[in-house]
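Order of writing sets the chain letters: A, B, C and D. Residues in each chain are counted from 1.
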Amino acid sequence: MSIVTVILSRAFKAFVTLLAIAVLNFCLLHAAPGDPAVVLAGEAGAADEQMIEQLRERFGLDQPFHVQLGKYVGSVLTLDLGYSFRQGAPVAQLIAERLPATLLLTLTAFVISLVLGIAFGVAASARVGKASDSLLTTLALLFYATPLYWAALMAVLIFSVWLGWLPGFGYETVGAGYTGLARAFDIAKHLVLPALTLGLFFMAVYMRMTRASMLEVSQLDFVKTAKAKGLSGPAIRRRHILRNAILPVVTLAGLQAGQLVGGAVLTETVFAWPGIGRLMFESLAARDYNTILGVFLVSAAMVILFNIVTDIVYRLVDPRIGAKA
Amino acid sequence: MSTLSIEHLSIGLPQGADRAFAVEDVSFAIEKGEILCVVGESGSGKSMTANALMGLLPPGVTVKSGRALFESRDILRLPEAEKQALRGARIAMIFQEPMTALNPLMRIGEQIAEVFAAHDRFSQQERRDKALNLVREVGLPDPEKIIRAYPFQLSGGQRQRAMIAMALALEPKLLIADEPTTALDVTTQAQILKLILDLRDRRGMAVMFITHDFGVVAEIADQVIVMREGRVVERGIAAKVLTDPQHDYTRRLLDAIPTGKLPPARAPREVPALEIKGLRKVYRTGGGFFRPVREVRAVDDVSLTVGRGEVLGLVGESGSGKSTLGRTAVRLVTPDGGQVLVGGSDLAALSEEELRKQRHKVQMVFQDPYASLNPRQRIMGALTDGPITKGVPKAQAQARAKELLEIVGLGADAASRFPHEFSGGQRQRIGIARALAMDPELIIADEAVSALDVSIQAQVLDLLRDLRERFELSILFITHDLRVAAQLCDRIAVMKKGKLVEIGTVHDIFLNPQQEYTRQLLAAVPGAGWAKAGAA
Amino acid sequence: MWKRFSSNIGAMLGVVLLLAVIAVAIFAPIIFSHTPWQMVQRPFLTPFTMDGLPLGTDTLGRDVASQLAYGARVSLLVGLVSTLVALLIGVPLGALAGFYGNWVDEGAMRFTEFFQTIPNFALAIVLVAIFEPTLASITIAIAIVSWPPVARLVRAEVMSVRKREFVDAARLAGLSRPRILLTQVLPNTVSPIIVMASLMVATAILLESSLSFLGLGDPNAMSWGYMIGAARTVIRSAWWLSFFPGIAIVLTVLALNLIGEGLNDALNPHLSRKGKA
Amino acid sequence: QQSGGRLDIVVQPEPPGLMMGLVQNGPTQLVAGDIYESLLRYNSDLEPQPSLAESWEISDDGLTYTFHLHDGVKWHDGEPFTADDVVFSADVFLRETHARLRASLAYVESITAPDDTTVVFQLKEPFGPFINAFETGTMPIVPKHIYEGTDYATNEMNATPIGTGPFKFDEWVKGSYIHLVKNEDYYLDGKPYLDEVYYRVIPDAAARAVAFETGEVDVLPGGSVENWDVPRLTEMEGVCSTGAGWEFFAPLSWMWMNNREGPTSDVRFRQAVMYAMDRDFVKDVVWNGFGKVATGPVASSTNYYSDAVTQYDHNPDKAKELLAEMGYGGEAVRILPLPYGETWQRWAEAVRQNLSEVGINAEIDSTDVAGWNEKTSQWDYDLAFTYLYQYGDPALGVSRNYVASQISKGSPWNNVEGYENPELDAKWTAAAGMVSAEDRAAAYAEIQKEIVDDVPVAWLQELEFPTIYRCNVKDLVTTAIGINDGPRDAWVEE
């Protein structure tokens, strides 16, 4: 089975899943108490029945539930995410404005956590039983047990308030007029704390997994074969153990990379990062259905996308898959 | 001077191991061009000796005393870097399990060439060419393709050849082979043994060959040492040890081997206990939205009968469909076509519910004594679940269970224990007791003794023979070991690729095989010549 | 098994820690004469400055130590109950999928995949927001987002156990399929489930605290996340208000993880085999 | 005064839109108040000041309001601003979109533009507070040439608002900031002084405090950091704060008590709640001493306030007595806090604790903004926190919460508690129609005295939201709505 057919079949399934998610979320949100028209009216500082009726009509809320659902599914089918009445803009546009920030944050956190996690995991497994191994595993356990938002608060406190080394929030220096490299550097500076705190937990996960996987693989017969060939320890670890040990880590990482997009709400809140997690959270309070649904769909699509990417990576790394069938 | 001489080697085990020393005061020597076989039961320290020579002892296991002289250096005491330089270049090793001994993610060619890289020999291109030559030398087909293949694309025998190619890459003086053929079926085993003999002759290496199979010893050994619980109990020229063992333990080992000696033929049975007619089973794997379906005809139009009180042996190489046939007979597998008649009623046609009521008529003794008992259930439960479901009152079922445990030689108190508290042979007997508890008309024994050590194997075979006499049991005895089949069976059926190729009495099959395939099977049994000689 | 577990220093440390937390949770009303909501002293009292109020007071002058103790109740309760609910959903689903295979499996796994595709923290937020933050809705939301891995694990385990020969033996003994699943297969999947459950409790505690931090906690139940969420605005002037509950979470989650790892080592036959290799 | 410079102001939460004719909530007004203008502004004594209108007259019968507009005013897109724009805004656009103004416009007979710079509002009957209806948030003037004949809500220009104000819209990076630049063509010479204004979106209160500390932002409008941070921030060097700029809104907080059903329908229970609460504690601890304990429905900073009413002090015993007298049997009472952050949450907790101390079985109902709106406007609560702006006059911002005609499901801004008192209703109406200030003062004093004894709602506190800013920012707060009027006069001292 070629990679193309894999992608095609996955894309088809993904589409079905996404539709189902759209329907489920639509039902869920509409079960929620709170009426977007009332919220919007309430926010205006005054409201009367006439205004609320107007709003309801504009949102299409005056129609029966199944009609609303049908309309929504219909528009999703044509890749139209609808219109946010609260923000007065198409949902697709709102998300497109926010998505780059989220992707930047999560991908950076992802890469950091994966690279560091694997590096530390390999290091720990190479020193298994020694003090440095214990130190690394204990640290990983600690990161693992620390609530993300708490770590974030503490990081801001230490690194931006007390030490003043790094900006504590935001995406870039507003109105500084940086362009090109200077801007990239500025964004990078803003990225450090959120990406690190978000990455810390996952780093711990990958590290523990890499270590365990390395240890497990190093028990396998082919490692003994490699030793019998006269290869040196580091060469064995690099060429034989790591390559095999990394497969389960890749799988897990693929699963989590997608989840990171939706899971960045906390980090985005603490660091005022203008991403879609926050967009969702804020839209939720306003019952801005279309926007929440849009964010959900997009992040679910991310999950699926990452899963497909993982699959492909897996296929590239492991010759056994794909050839089996 | 000997290629390798080991003097007073002792290897200590970590605390909490079953004994203090894995190997104690072992001395032996191997000459150039000589094959030394190290035999002994599981756990006797064979592998530890080999590992010590390679400097690959597991953590916690250390060389306590003694030396091993190789090229006039004590290789046990060399610094790690020098050991590393020696490994693969001067001393090479191949392992038992060809399926897992190769890195699954690396191409065969790369893995062979890596030996050169590890020792910094040759250029990239030369390494490749040499790898290709080696692949050719060990007789792998289509070498160009093989070096680009991944291990999973090779069969077990082919992988073992690739391993050997790796071991030979730098023309070592000493080759250590730790049970290199145990995991292979007989025909492949024969090919590998021949390859090793060939290479020894061509290159003049010394070979230390570890095995627990005296058939293999008879086939290739020049010298033999016999180990037991870490000590050498007997040594000598192969032919001499095999024919005239001095040590009691060696003798016991040799006695336990099923010989080619055929038991007296018994009268054929008339009343059928099991009739199989035109049975077919096709496995379809894969399949899905875009995937093609792959079909394996595991059982292809097989018909045979097992008479009441008869033992029918079912032999054939691995994958020939023996297990599938057996499992279809008890309807653990639903056949695609054909009939399975037990006492006249067709099991294959029953519904799930009706079938449950008929289950007790045919029982099975499973191949793997570890896997076939629920680790979380006491033996009593395992033995009484079935009868109670069948309707036997609980007390009666329990009494019967105890009785059966006595019969299989375990004692009634075994009932209250858990499976992990028994040895492999004991568990196999529990499996037999469980089958008997259902008062079956027929027992299917699928490789029921294959996983056992020779001595325990002999005990179980005795038990089966005894039961057949006592209960008029019919047995379908599935095995890949022709010698075992010869011991127990009245008739033997031979399968190949899902088809029944030959069926006949033991005497017919062994002494006068009709099919070429059967002849090949017989010839491939290691030490066949020696066993026959022994029987004569 | 207990022997192997008890020889693991980390695991024992985890047990001791967890027992301590449980004890504090159980005896909170005995240890403290006032509820965590009672305003007992002036606000922003620094820790270790006044007898009887070892951890100081919060923004309203309430006893932080008492809040911590009552918070342990909520955190543990939510952790345990949500894990239980997740198991109640995941185990049967995974077991049926793994045991019956075919379309049951296909259906169950599509369903599971579906839930795994929805970003789970976001889903939890939406669920809690929609059903309004009460202990029950929080617990259920956490359970709903955490059962899919259970289902997958149980399915995989059941599938591997199902292939073991003792299951065939049970079929030959004439046992019915549901009975085989219940008495033969499931008991053999218990160990990994226990290990996973212990880790899930830890994750659930973290999730609850994250929700509380976002303002989605039950305002009538004092929990650690609630404390941190409430204290984050004063983190500069009253570090102890977020520090102590933070430490409490870290320690509890750590303890559960240590126990989980210890159980894994003790129950996983894989590792014991390793020792011999 | 110095020209140039930039101001970074926190806006919280992020406004849903900037078209003030459509959205008038706090954040929108904070930002869009720089872009849009109305006819008048009000100083801290709530006296009208010129804005788009240079001068104005009110006829003696209180029925005709004539405004003379500034000459040469231009919209940000260069089109000239004329009296037609005012007529279109007030008579057409806002009538359709602005519920609060609609209530005042009900008194208006006609709006006409005799010439390009004159607008005349003709009233049907006298309406005392009408002069207070010309604040930006109440009557933002929108460009006729852009909106006439279009669907207002979906007009594409809503994304790039065009006003007459001192600052022009430049860019809005959602979730991050809104950038406004100086309107070079502004009709007041030399103004504005600032080159640009950034409104910064920082969703977390603690982060906002940090942003101010680290110098990222210069101004924290009232309510943008939690109260506990206020003393710490104001004690910093070079930091000033002011409580001014809220006179017009005069936010007053209270708890609606459901007058329809449950224990709260009993006046004794409501009085007991008043006595049970330690409102001074809340003012001192939760609000850090800012604000004042409320005595009744009218805020002390607005016109016609009277303190000659029954005082409810913290008196648990009295509360218990009242409860015993009514025979309160421990029915559960749900408190709905305002979902506006930690301060309000703590406040609800303190109230719950106070109530439980006198034996009231109270628990907090937690919900988010949408849920709060839904529950209050559907009357699904027992006690519900809220605060409302008073818009400078009891007739605009107070009476709507107590008269029976304002009982209507679906809005959280009317008589949500369901209080019905026909006698008082008549007095409210009469007071609104009086022309002379003394008459009105007397009438309102009477109303206040009576209503306080009835306790339709539990008045809590007059809120004060200090604006915190760097001292080198001058003239930041110059009107009764503070920085909501836009930093037209502000300048930065180098």
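In this section, a residue touches a chain if its C-beta (ideal position, glycine included) is under 8 Å from a C-beta of that chain, and two chains touch if they have at least 3 such contacts.
Not measured: the values here are computed from a predicted model.
Visitor: List every chain that touches both subunit B and subunit C.
Guide: Touching subunit B as well as subunit C, we find A.
Visitor: So which has more C-beta pairs touching, A-B or C-D?
Guide: Top pair by contacting C-beta pairs is A-B.
Visitor: Which integer distance in Å separates the CA centroid of subunit B from that of subunit D?
Guide: Chain centroid spacing, subunit B to subunit D, equals 87 Å.
Visitor: If you average the CA atoms of subunit C and of subunit D, how many Å lie between those two points?
Guide: 45
Visitor: Measuring from the mean C-alpha position of subunit A to the mean C-alpha position of subunit B, what distance in angstrom results?
Guide: Averaging C-alpha atoms per chain gives centres 50 Å apart.
Visitor: Please report how many Å separate the Cα centroid of subunit A from that of subunit C, as a whole number.
Guide: Going by mean C-alpha positions, subunit A sits 22 Å from subunit C.
Visitor: Out of subunit A, which residues touch more than one other chain, so two or more?
Guide: Each of 32-33, 153, 161, 269, 284-285 in subunit A touches at least two other chains.
Visitor: Could you list the positions in subunit B whose residues touch two or more of the other chains?
Guide: None at all.
Visitor: Spell out, as numbers or ranges, the residues of subunit D touching 2 or more other chains.
Guide: Only 204, 206, 210, 339, 367-368, 371 qualify.
Visitor: Which pairs of chains touch each other?
Guide: Final set of chain pairs in contact is A-B, A-C, A-D, B-C, C-D.
Visitor: Give every residue of subunit A touching subunit B within the complex, in rising order.
Guide: Touch list, subunit A to subunit B: 1, 5, 8-9, 12, 220-222, 224-232, 235, 239-240, 243-244, 317-320, 323-325.
Visitor: Contact residues on subunit B for subunit A in the complex?
Guide: Interface residues on subunit B, with respect to subunit A: 54, 56, 84-89, 92-93, 95, 97, 100-106, 114-115, 118-119, 150, 152-153, 163, 166-167, 286, 289-292, 294.
Visitor: Give the list of subunit C residues in touch with subunit A in this complex.
Guide: Per the stated touch rule, the residues are 113-114, 116-123, 125-127, 129-132, 202, 206, 209-210, 213-214, 225, 228, 232, 235-236, 239, 242, 246, 249-251, 253-254, 257-258, 274, 277.
Visitor: Would you pull the subunit C residues touching subunit B in the complex into a rising list?
Guide: Contacts found on subunit C: 164-166, 168-177, 183-184, 187-188, 190, 277.
Visitor: Spell out the residues on subunit B that touch subunit C in their complex, using ranges where they run on.
Guide: Interface residues on subunit B, with respect to subunit C: 58, 327, 330, 332, 352, 356-357, 359-360, 362-364, 366-368, 371-377, 382, 385-386, 389-390, 431, 434, 438.
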